[in-house]
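Two complexes, one shared chain (chain A), two partners (chain B, chain C).
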Partner chain A sequence: MKNKSVSAALKKNAMLIVLVLVYLFFLILTKGGIFSPSSFTELINQNAYVYILGAGMLMCMLTGGNIDLSCGAFVCLLGALGGVFMIVQGMSTGLSILLLLLIGIGYGVGLGFLIAYVHIPPWIATLAGYLAFRGLGTSILSANSVTGSLAPFPTDFQSIFYGRIFPTEKGVFNWPCFLLGLLAAAAVVGLTFRNRQVRLKKGYEADSVASAAGKSGLGAAAILLVTARLAMDGGIPTTLLWVAGIILIYSFITSKTTIGRHFYIVGGNMEAARLSGVNTRRVMFVAYLNMAVLTAIATMTVVARSQSAYADVGKNFEMDAISACVVGGVSASGGAGTVLGMVIGATLIGVINLGMSLISLDANYQRVIKGLVLLAAVVFDILSKKRGK
Partner chain B sequence: MCNMSEQQETRAREPYLLEMLDIEKQFPGVKALDHARLQLRAGTVHALMGENGAGKSTLMKCLFGIYTRDGGTITMNGEPVTFTSPRDALDNGVAMVHQELNQVLRRNVMENVWLGRFPTTKLGTVDTRKMYADTKAVFERLEIDVDPKQIIGELSVSKRQMVEIAKAVSYNAKILVLDEPTSSLTEDEVEHLFRIMHRLTSEGVGIIYISHKMDEILRISNDVTIMRDGQWIATKSAETLTKEEIIRLMVGREMTNQFPPKNNQIGDVLLDVRNFSGMYEPTCHDVSFQLHKGEVLGVAGLVGSRRTELLNSLFGYFTSGGGEVTMNGKPIRNVTTDEARKNGFALITEERRATGIFGENTILFNTIIANVDAYGKPLLNARKMDRDTDEQIAAMKVKTPSKKTLIKSLSGGNQQKVIIGRWLLTNPDVLLMDEPTRGIDVGAKYEIYQLILNLASQGKGVMMVSSEMPELLGICDRILVMSNGHLAGIVERGKDFGNIPGEQEKIMELAAKYV
Partner chain C sequence: MEQMNNGKTRSSLIAIVAAYLLYTAWQLFQGWNDPNTTMPQAVMALFIVLFAVIACVLLVYAWRVWKNAAKEEEEEKKKQQDESSFK
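Moving on to the complex of A and B:
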């Protein structure tokens, strides 16, 4: 019995364990390089878009393995438009952000309408955007710039999406950063135990004290470790706040709200949902509207980091987001998957990317390895499910 | 027709809970409903009967807002209503248990029960605790023993069906539609359902009950409406009806014989199966029998007696785990289904919709698919495919506007005929049929029996699994009785059954041997 629960726990957290092992592997290979404070900042900034687009892609995939192929190209178009607004037209940062979000909503409404109400298969509807947006973005860029890229974005824009909170010199311990980490760690432990208390009081099963302490303790320790390292690298990147905020919001939506469950249910059995009076079209509509809005946010973190909008920005982003979901255990046929899983998947890919760059592996081999990791994740997932039966 | 309308007259003075009059529905090429009618009184069970394709489900879908009717009126308590979606119908006191189980298999029981109406907390989050308590309360009231937190896909089909019934009840609807709710239930569960229905009618709920099972209908319903070809034929009080009368009204002709005359000659041993077992549990064990040329060999047993596993393992669909099979004296091993097909086996599966038809494809596609090698490599010979399909449509008497019609638009009986036709094109020697008449109306059943007997007369061996004892007794030469994965015995026509008193009891006794 005990053995069974241990193996079940291992299976459930398999990707997390793989993540730790891969991290340790690169820790040795890079002789600790991947543990340097700047590596932590880099990991977050480099992968911010994967987490943000991954959250949107997760919702699409939950509805039945549907994907959005257009998000990478849409990043290019929005980036170009952002460049025009802020650099060419000299609009204020606030207005430009608002406009980009509105354009995102506009595309989302149109795309959602086509998919949910006209019943265009999502991959075809988004393939159109995939083809059109990069062309449109590139032509806007070349019309406004000789070099084909627009730069630099205003500093206030950059500080919102690619800045630091209470910045300090590198190497000086940044106390606000660490205190925020302490607060978050305390919240994790506190909430876990409060939740357990409530469950016990109402007579439901709950984890044992040891297991609750273990789980929340590990989470808290991870948060403290990350913030301690970030504190040595100038403080919390604003990107982290965006990413953490989006992860928290989408975790909440998918696990606690009615609309969140409807995503799982529509993907699990569309017919059952419809016959039970779930507005399945609205669920599909919301999935793609949401994806487009998140793409707008992701665009801003990306162009703020690169400080410029260029023709290749956003290339293969849709594939990165899909990979993060798939590696994170999101079902390719819909109905199953969690935000936390996607986050672990994205982090695993991010760690592998960073580790490979740190040991200066040839970019072509990097791609080969990424492909193999994706395949291994899916094979592993399917085999472990078979074993379970 | 005259006396029927008289009967209507006497009823009309009572107020109707639901009245559907002159309902019309046109599908491309088919008039699905033509002046269909249903009048339901509060606190009664109203059976809706008719052959498959008679329009019962279509009529209910028009009520429930799945289809939009082309004409006619629906009134509830005298008020005209039109529901534009299932949501609309549910909100207005109409709940339905659909013919197919529509559940989200990966989610738990309670989420499936409260689908579309999750309780929420003040914060707007899903209130799982209330959901759990409410589900428990509903299950306790209906005496259903299922854990609300279990993943629904892990439950047996009959338990899932009970959950679906509990869900419909939990809407506290005034009108409850049950579309063939007992097809996958065990006998105890059927009784359980009837208790639930009795309780609901005593609370004033009107129940529309669709079923093919005459005994059930005559036992529990107050009124019976009979439909044929999308039209209203008659509404009568159940007390005044007999089985024969219902069948007559349903098929529009006298059904003197339920089964065609047997004229098949039993020949040499075709298949010799010795100590045959499946590989993965649950499966059949150590089964030995012989199938002769020209024989119809029945397979009887309770739910879980592993009859389907036996057929699927013989066909190589499930991995076999031991034993010997010889065909015409030569040992064979059906390791894959492809090999089985080449050895002259055919399998007509139990779940027609899931494993039989290619729903989105035409009758032509569905007819040639098991025999596609025969139409030329590498290019398919369209003329030959057309000809063979036409032949099978004619031979099987498939009712269809064209061979280019999508198979999913046919009734169950006609789909089954297409599938049998598909396998006949491979010219098989052994036909394995798993519940070949399930969900098929009385008239089409007769045709299927005739087909089976004709095949036997041609010297083919037919193995037929069925849960309907009368049909096994009616057309089989011998019956294997399975019990809990083992062969409990073989009974023979003339010796053990065939108008012999106590025949059913003997088979039931064997079926319970290893339980």
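Moving on to the complex of A and C:
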């Protein structure tokens, strides 16, 4: 019995264990380089778009394995439009951000309508965007700039999406940053035990005290480690606030709200969901509207970090988001997927990307390794299913 | 009942991974004559072929998973129709 529970726990947390092992592997390979404060900041800033797009892609995938192929190209188009608004036209940052969000909403409404109500298969509808938007974005950039890129974005825009809160000098311990980390760690421990109490009160099965303490303790330790490293690198990046906010919101939506449960029900069996009274069309519509809005937010973090809008921005973003969901979701729950799973998947891919760039690995080797990671996740899932039968 | 569309979801995800591997093989092929790469051409060729073959295998597997899920769905629908006609 004990062996079964240990192997079940190992299987459930397989990707987390893999993440830790891969991190330790790169820790050795980079001679500690990946543990430096600047590496933690770079991991968050470089991969913010994966977390943000991954949250949206997860919602699409929950509806039955559907994806959005257009998000990367849409980032290019929105980046170009953002450059025109803020740099060429000199519009205020606030107005430009609002316009970009409205364009994202407009695209999401159109795309959601085509998929949910006209019943165009999502991969066809979004493939059209994948093919059209990059060309459109490139044309806009070429028409407004000799070099084919627009820069620099206003400093207030960069501070919103690529700044720091309570900034200090690098190398000086940032206490406000660490205190925020302490608060977050305390919140994780408190919420874990509170949820346990609520489950016990309602008569549901709950983790033992030791298990809850272990899980929340590990989570708190991870938060403290990250914030301690960030505290040595000038403070918390604003990108982290955007990523954390989005992750918390979507965790709440998928686990505590009716609409969130509807996503799982539609993905489980659309016909049964429809017969149960779930508005399946609305769920599909919301999934793609949501994806478009998150793409707009991801665009702003990306162009703020690169401080320019250029033709190649957003390349392969859709594959990175899909990889995060597949690596973190498919392996863990056989197709259902959770936000936490996506976060683990995105972090694993981010650590691999950062580790490979720190050791200056050739781009072709990087592609091979990313492909092998995705393949390993799918093979693990297939083997788990066969053993389960 | 829930497993049927989960079967379809799984097959979609496996097909997506297969497409990604094919795309990776294509990217490697595009970099075949890149003078800046440190990957030997023999290794590149090996991975191009490997990823292409694995992608095809995964696509076939995904199609079989989809077919089984669709078959189970048909059988379940027929069973429900039979039950409602008895009533």
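By definition in this document, the second predicted complex is superposed on the first by the 379 of 389 C-alpha atoms of A that agree within 3 Å, B and C clash if a C-alpha of one lies under 4 Å from a C-alpha of the other, contacts with A are read in each partner's own complex, and residues count from 1 in each chain.
Assume a contact is a pair of C-beta atoms (placed from the backbone, for glycine too) under 8 Å apart; a residue touches a chain by one contact, two chains touch by 3 or more.
From a predicted model like this one, the values you see are computed outputs, not experimental measurements.
Chain B and chain C, once both complexes are superposed via chain A, clash. In the superposition on chain A, A:N66 makes contact with chain C only, while chain B stays out of contact range. When the two structures are aligned on the shared chain, A:N269 is found in touch with chain B and with chain C.
In the superposition on chain A, A:T155 makes contact with neither chain B nor chain C.
In the superposition on chain A, A:S92 contacts neither chain B nor chain C.
With both structures placed on the common chain, the touch criterion links A:S211 to neither chain B nor chain C. Shared-chain residue A:T147: touches no atom of chain B or chain C.
Residue contacts after overlaying the shared chain place A:L375 against chain C, while chain B stays out of touching range.
Between chain B and chain C, C contacts the larger number of chain A residues. Touching of chain A by both chain B and chain C, each in its own complex, is seen for residues 268-269, 272, 335-336.
Within the complex formed with chain C, the chain A residues making contact are 61, 64-67, 267-270, 272, 319, 322-323, 326, 330, 334-336, 362-365, 367-368, 370-371, 374-375, 377-378, 381-382, 385. Interface of chain B with chain A (complex): residues 66, 85-87, 90-91, 96, 98, 102-107, 111-112, 115-118, 120, 124-126, 129, 167.
Across the interface of their complex, chain A is touched by residues 1-2, 4-6, 8-14, 16-17, 20-21, 23-24, 27-28, 31, 34, 37-39, 44, 47, 51, 54, 58, 61 of chain C.
For chain A in complex with chain B, the touching residues are 202, 204, 252, 256-258, 260-261, 264-265, 268-269, 271-279, 335-336.
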